[in-house]
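A single structure is presented below for examination.
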Amino acid sequence: MPNTFGKLFTVTTWGESHGPAVGAVVDGCPPRLPLEVAEIQAELDRRRPGQSDIVTPRKEEDRVEILSGVFEGRTTGTPISLLVRNADHRSGAYDEMRDKFRPSHADFAYQAKYGIRDHRGGGRSSARETVGRVAAGAIAKKILQHGLGGGTGGVEIRAFLTQVHDIVTPAEALVEFPTLAQVEATPVRCPHPETAARMIERIKAVRSEGDSVGGVIECRIRGVPAGLGEPVFDRLEADLAKAMLSLPATKAFELGSGFAGARLRGSEHNDLFETRDGRVRTQTNRSGGTQGGISNGEEIVFRVAFKPTATILQLQKTVDVHGAETELMGRGRHDPCVVPRAVPIVEAMAALVLVDHWLRHAAQNRTCAF
Amino acid sequence: MPNTFGKLFTVTTWGESHGPAVGAVVDGCPPRLPLEVAEIQAELDRRRPGQSDIVTPRKEEDRVEILSGVFEGRTTGTPISLLVRNADHRSGAYDEMRDKFRPSHADFAYQAKYGIRDHRGGGRSSARETVGRVAAGAIAKKILQHGLGGGTGGVEIRAFLTQVHDIVTPAEALVEFPTLAQVEATPVRCPHPETAARMIERIKAVRSEGDSVGGVIECRIRGVPAGLGEPVFDRLEADLAKAMLSLPATKAFELGSGFAGARLRGSEHNDLFETRDGRVRTQTNRSGGTQGGISNGEEIVFRVAFKPTATILQLQKTVDVHGAETELMGRGRHDPCVVPRAVPIVEAMAALVLVDHWLRHAAQNRTCAF
Amino acid sequence: MPNTFGKLFTVTTWGESHGPAVGAVVDGCPPRLPLEVAEIQAELDRRRPGQSDIVTPRKEEDRVEILSGVFEGRTTGTPISLLVRNADHRSGAYDEMRDKFRPSHADFAYQAKYGIRDHRGGGRSSARETVGRVAAGAIAKKILQHGLGGGTGGVEIRAFLTQVHDIVTPAEALVEFPTLAQVEATPVRCPHPETAARMIERIKAVRSEGDSVGGVIECRIRGVPAGLGEPVFDRLEADLAKAMLSLPATKAFELGSGFAGARLRGSEHNDLFETRDGRVRTQTNRSGGTQGGISNGEEIVFRVAFKPTATILQLQKTVDVHGAETELMGRGRHDPCVVPRAVPIVEAMAALVLVDHWLRHAAQNRTCAF
Amino acid sequence: MPNTFGKLFTVTTWGESHGPAVGAVVDGCPPRLPLEVAEIQAELDRRRPGQSDIVTPRKEEDRVEILSGVFEGRTTGTPISLLVRNADHRSGAYDEMRDKFRPSHADFAYQAKYGIRDHRGGGRSSARETVGRVAAGAIAKKILQHGLGGGTGGVEIRAFLTQVHDIVTPAEALVEFPTLAQVEATPVRCPHPETAARMIERIKAVRSEGDSVGGVIECRIRGVPAGLGEPVFDRLEADLAKAMLSLPATKAFELGSGFAGARLRGSEHNDLFETRDGRVRTQTNRSGGTQGGISNGEEIVFRVAFKPTATILQLQKTVDVHGAETELMGRGRHDPCVVPRAVPIVEAMAALVLVDHWLRHAAQNRTCAF
C-alpha cells in the first residue's frame, strides 16, 4: 500500500493535482476524540498557496469536508474520510508537458514506471497530494494536544525555517523553543526576524530572475514521554526519516547532532545522564531525543533539506517521450521557494509518526498485569 | 512487526548479544535462485569483528547455518531461516550495567519502554543484531547480481568511508565508481589510499586515549533500471532513509546533493535530460538517482553519518535504575570506530530495499496485456 | 488497518449508513487498465436495494464518482478513489436505537468496543458499507476479464443462491456452470427456475409475518490458473474464508466437499490426477480448486451461509445502554431476505482475493532468469 | 509475508518436513510475561505423533529451544525465536514422490507455483509446519491465562472432536463446557466417552483397510470480554475463519448457528439481550459470541471440518512431473485420522487470533483521556 503511511494510525492519501479532488482516509483513530472540521481547516489554511507575495499565487480555497468517522463532534473509531475538491484548473497550460519531460521533475520516472501518466500539473507527483497529509496530520495533532502520558503534558511540534539558499539563522537565535507566533510572524516562517527579512529579500530577488532556491526546516518536539519507537527496524528516527524523505523535494534528514556529529569524539558527543526534577534526564541533547531508536524524554530535534523548486521560468534542455531532444520553457504560476509552505507539512508528518508509535507502544504495554 | 523489514522481500531478525544465537528469517525470496551457504558466510566475514587491529578484538566465528527454504542448492520460495550461534561470552563483564545506564546507549530507553531489559552487551540493542541483516542482505545481493531487467545488467552496490572524524576524502578521489578491491584494500574501507592511511592513524590515536570517533559512509548503486520506488510514501529514498536510520549509531542520511543542495538555485540544481546511448539520461546527477521517489536509471548515491561509538574507556557520570547519580567506567573490548564494519551492513540494507521494490514493481506491472 | 482488505491490490472502505457518503480507495491497481465509470455503476446497480418487490424498498440511487487514479479512460497505477453520496435519510426513524440495542445487531458490541456509536441505521455496521466493496470489486472483475495467464483465458466468477430457509436447489440442477442470465433471471438469483419460484413465495410469506429468513450462496470460479495462493497462512481458501466471513450476516464457509467431506474416506475423497487436454487435471473436484492452499487449475467452488436478517417487524425483548430491560419494535423498511442482494458482494470479495493473489504470485515469480 | 500470521502479535513459521529444523519467530509479545520452556514443550507434546496407537507412529522428540526474547524467565518485548530440530528422517522413502504427484496433496500445486519443490515428506506443505504454530500458540495461551480484562477472568480455549467419519457426538453431551481432562481422557479427544470409543473403533477399522477418515472439531472459548474484533474486514470471526482454513486438510468453518442458521427465521435466530449478573448478556447464543464482528462477551463457539488424510495405503492413479499417467502406492507411516492431533493446533490458532485482537483493541482504546 504505497499510498498509506503508518501501521496503527494510518493515513491513505489519493488524488491528482488536476483531477476532481484530493483527499485522505484516516484509519485507526481512537474513538471519542473531540474533532471539528474547523481544526482541520486551520492546518490546511497554513499550507494553502497564495498566502503571501513570496509564494505561488495559485488560488485554492481548499475547503475540507469530513465524510465519515465523526458523529456529533467526536470520532467513532471508524475511518475518517476527508475530501477537498480541486478548483477548476487551467489544464491547458500543461499541454506541452504531455510530451516533454520537465527537468528534475517526476515526469520521466512516472512514465518509465507506469507507461502512462496524468501530465497535468504533475498529476500524482504534485505537492498537492500533501493536502491529504496535512488534513490527517491535523487529527494527529489534536490527539497530541491531549498528551501521550508519562506526565509530560501535551505534545508540541514546532517546525520552522533555519535556512534559505545560503542564508542561515544564527545558532544563538535558536536556543529557545520558538513559539507558534514567532514562526508565523513572517511568510518565510523563520522565527528570527532579521534572518527572515534577509530570506524574503533573497526569495524576491531569485523570483525576479525566474529562478528558485531551496532551504532547511528544523523541527522540534517537546512533551514526548520516554518509550516511543521500536527496535530494530521501526526506530523512531527511522520512521521520521522515512516520513520526511517521502515529501516532495526533500534530499536529506538529520537527527540531533546529525552530520556534524560524525566530527566529534565519543567523549564530546555522549549525553550524560542525571536526575533532574525527579526524572532521568540528559545534560546535553546531541542524541536529538532518541537512544537505541526509542524516545528518551528529551526534545526531539531534526532537520530536513529541501532542494530548489524544479520549475523555473527559464528555457531548459530536455527530451520528449520519444527520446528526441528538445527545450522547455517554464511558465505560469511559479513558486520560487516552497520551503515556507512545507512547514505545516513537516509538522503533519511528525505528528503522524508520533501518534502511530504511541498506539503501537500502548498495544504492547497494555498488559499491566504482568 | 517492528523486527521485520520490507513488504514483499522481508527479513525478520531476532536475537540478543549474549543470548544463545542471533538469526533472521527471509520470506518472499523468489524460487529457483541458486544459493550456497558460502555466499552468505562471505558477507558475514566482512562484518565480523577482529578483522584488523583497528576494530574490536572480540572473536566471533559467526558460522551461519541455513535451516530452511533451500533445496538442492536452490531457493524454493519458502522462508529461509538463518542461524548464527553466539560464542560463549564473558557476561560477567556486564554485571555493572544491570543497574547503571551507559551514557548515550539504549539502556535507559529500553528500561523506560519495556520495564525489563537484557543488560548483557546491550541485549537486543547491540549491533550484533545486524548479523541477521547482513545474512539476509547476502541473499538480496545474489538476486541483484542477476540484474533487475531494463537492459542494465547486474546491480552493483558499493559502500565505502568518505570521512572519519574530520578527515574527509577529497571529492576528486571519488569521481569513479570504486572497485570492491579498492574498498577492501585497507581496514577502514576508504578507497583513497592516502586518506585511508590518515584515517587509520587517527583511529589509533583516539583508541590510545580510550576515546572514539564517528564517520560518514557513501553508498553508490549502479545498474538499477528506471521505475523502482513508489509514490507517495514508499519513495525509494524514503525507504533507503528508513533503512539507514534503522542502523545503530546513524544520525543522518542524504541523497544526491543532500544538505548542500539547499544552497543551490534551481537553475544550478536541475538535472537536464538528454538521450545518450539510446536511453534517456540526465547530464548531471544532483538528484542522486531518483525523481519523484522513483529511480530514473542514474547512479543512486547516498551518504550516512555515524556518531562516535558511545562506549569509551573513560569514567563518565550517569544514573542507575533507581535514578541515583553514579559513575561508570567503560572497560573491556572497545571499538574506537565502528564505521568500517558498517560498510557491509549499509550494503545489505540497500540490497534489501532494492529487491523489495523490484518485487513490488514486478507485481504492479505484470499485467502486460493492458 | 481494519478497514483495508488485500496486500497488494487493496481496498479501503469508509462511511456510515447515514453519514454524508460511503466510498472506497483502491490502491495497487495495475496501470493502463481500461476503466469506465459505467462498469463500476453496473455492479452497484446489482447490489442496490429496491430492485424487486422482495427486497427492501429503500431507494438509493448510488451514483458512483471516480475521483482519482483514472486518466483518459485508463488507470494510472495511482489510488482510485470512489465516492457514493448517501441519499437524504429519515434518520429520525432511528431515534429509539440511540438508547436501545437491537437484538443480534452490532449495536451492543460497538458500544462496548468504542464507548460511542453512530446509531443511525447501524452506522458503520450497516450493510451499506459493502457499496465500497462492490465498487472496488468491479475494478478487480475488469482485471479478471483479461485473464490471469496460464492459458486459461478470462476468469469468470458466478455466485448464486442454492438455499433460502429450508428450500434447497437440487444438486442435479447445479451440474453446469450457471450463466449470468440464468442467475439474473429471477430476483432471488437462483439459476433453477422452479426452486427460485418457491424461494420467492417463501420470502413473501415470511415478510407478511414481519419475519426474515437466511440462505446459502454458492460461488464458482473458472479460468484461474494453477499457482495462486500462498503457503502457509495466506492459503487461497483462507483468504476466501476471511473475505466471506467479513461480510455482514455470514455464519459459515466451506470449500469443495466442505462439511460433507468429513464424512468421506480418503479413498472416496481423493481427486486423482490425469492428463486431459494437455494439462494436468483432476478427475473429480472434491478439493474445490485448491490443494495445499494453492489453486490447481480446477474450478474453485465454495459456499457461504447467511443467517436471517436480524431486523424483524416484531416486538422483541432487549436492554438499553444503561442495562435496563426494555422492548423494541422493528419498523420501517425491512428486508426479509438479504441473500439475493449479497450475490454481487460475494462476487466482489472473491474478485478482490483473486487479483490480490495474482499480483502476489506475479511478484515472486517475476524472476524468470533463475 | 505469507508465512506470518497476525498484525501486532505475530508469528512467522519456517521449515520443511525433512529439512534440518522447523521453528517460529513471535514478534510483539508484551514484555514481562513469565515464560518457561516447559510451558511450550507441554503444548508440543500434545501435538506430537506417536502418542497412541491410532495415530502415526513416526517418532519425533520435538524438543523446543528458546533462542531469544526471554531473559531470566520473563519476556523482554523483543522477538522470541523458537527452534525444533527435525529428527533424522528416512528421506529415501520419498524418492518416488520426486517425480510423481500424490493425489489430493499439495505436490502438483507447489510445482506449478514455484517450479521447484522439496518433495521429501511434503516439504513446506507438511503438517510438520504446525510445530511452529503450536509453540507460538503456547505463548499466546500463557497471556490468555492472565485474562483480557473486562472482569471476565482468564480466557479458556477448549477444542475437541465432535465427529469422526459419520460418528457424531450427541448434542446433549455437549451442553457443558468440557474440561481438559475430559478431552484428554481418550486419544481421539472427544469428551463423550461412548462416542470416543466408537470413533476409536472406526479409526482402527479404517486403518486396517489402508484408508483414512475425516472429522469435525468444535472449539469453545470463554472469558473473552466484549469488544474484541474490528469492523469491517478484520471481524473476529473472519480472522478465526482464516486461521482455521490456513490449517492443512481443513475444508469448512462455521460460527455459532453456522450452516444450520440459514434454515432459521429471524424470530428464531435472534439472541435477545437481558441483564444477568450485572452484565448485558444474551439469552441464547446462536451468534456464537460475536455480533457485527466484535465479541459480545458470550462464549465463542466454532466448528472446523477436516477432510480425510490424503495419504492412503492403496494404489492410486496419478501423473508424474512430465504429465505422464502413472500409479502411486502409499507406503510407510500412515495416519488414518489426523483430527485428534489437530486439537492443540486449533487451540493454538484461536489463541493467536485472540491475543492479536486484544493488542489491537488495547492500542485503539488506550486514550482514556478522551
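A few points about this structure:
Per-chain numbering from 1; labels A, B, C and D assigned in written order.
Here is the rule we use: contacts are C-beta pairs under 8 Å (C-beta built on N, C-alpha and C of every residue); 3 or more make two chains touch, one makes a residue touch a chain.
This structure is a prediction, so every number in the text was calculated from the model and none was measured.
Most remote from chain D, judged by the distance between CA-atom centroids, is A. Should one ask which of C-D and B-D has more C-beta pairs in contact, the pair is C-D. With centres taken as mean Cα positions, chain C sits 45 Å from chain B.
Distance between chain centres (mean CA atoms), chain B to chain D: 39 Å. With centres taken as mean Cα positions, chain D sits 26 Å from chain C. Annotation for chain A: residues 2-4, 13, 28, 31-32, 74, 77-78, 113-115, 124, 231, 360, 365 touch two or more other chains.
Of all residues in chain B, those touching chain C in their complex are 8, 28, 30-34, 74, 77-78, 143, 146-147, 231, 358-360, 362-367, 369-370. Residues of chain A touching chain B in their complex: 2-5, 13, 101, 103-110, 112-115, 124-125, 129, 163, 165-166, 206, 211-216, 225-235, 237-246, 248, 251-259, 261-275, 278, 280, 282-283, 286-288, 290-297, 305-312, 314, 316-319, 323-325, 360-361, 365.
On the side of chain B, the complex with chain D involves touching residues 1-4, 10, 12-16, 19-23, 25, 27-28, 31-32, 65, 67-69, 71, 74-81, 83, 113-118, 123-124.
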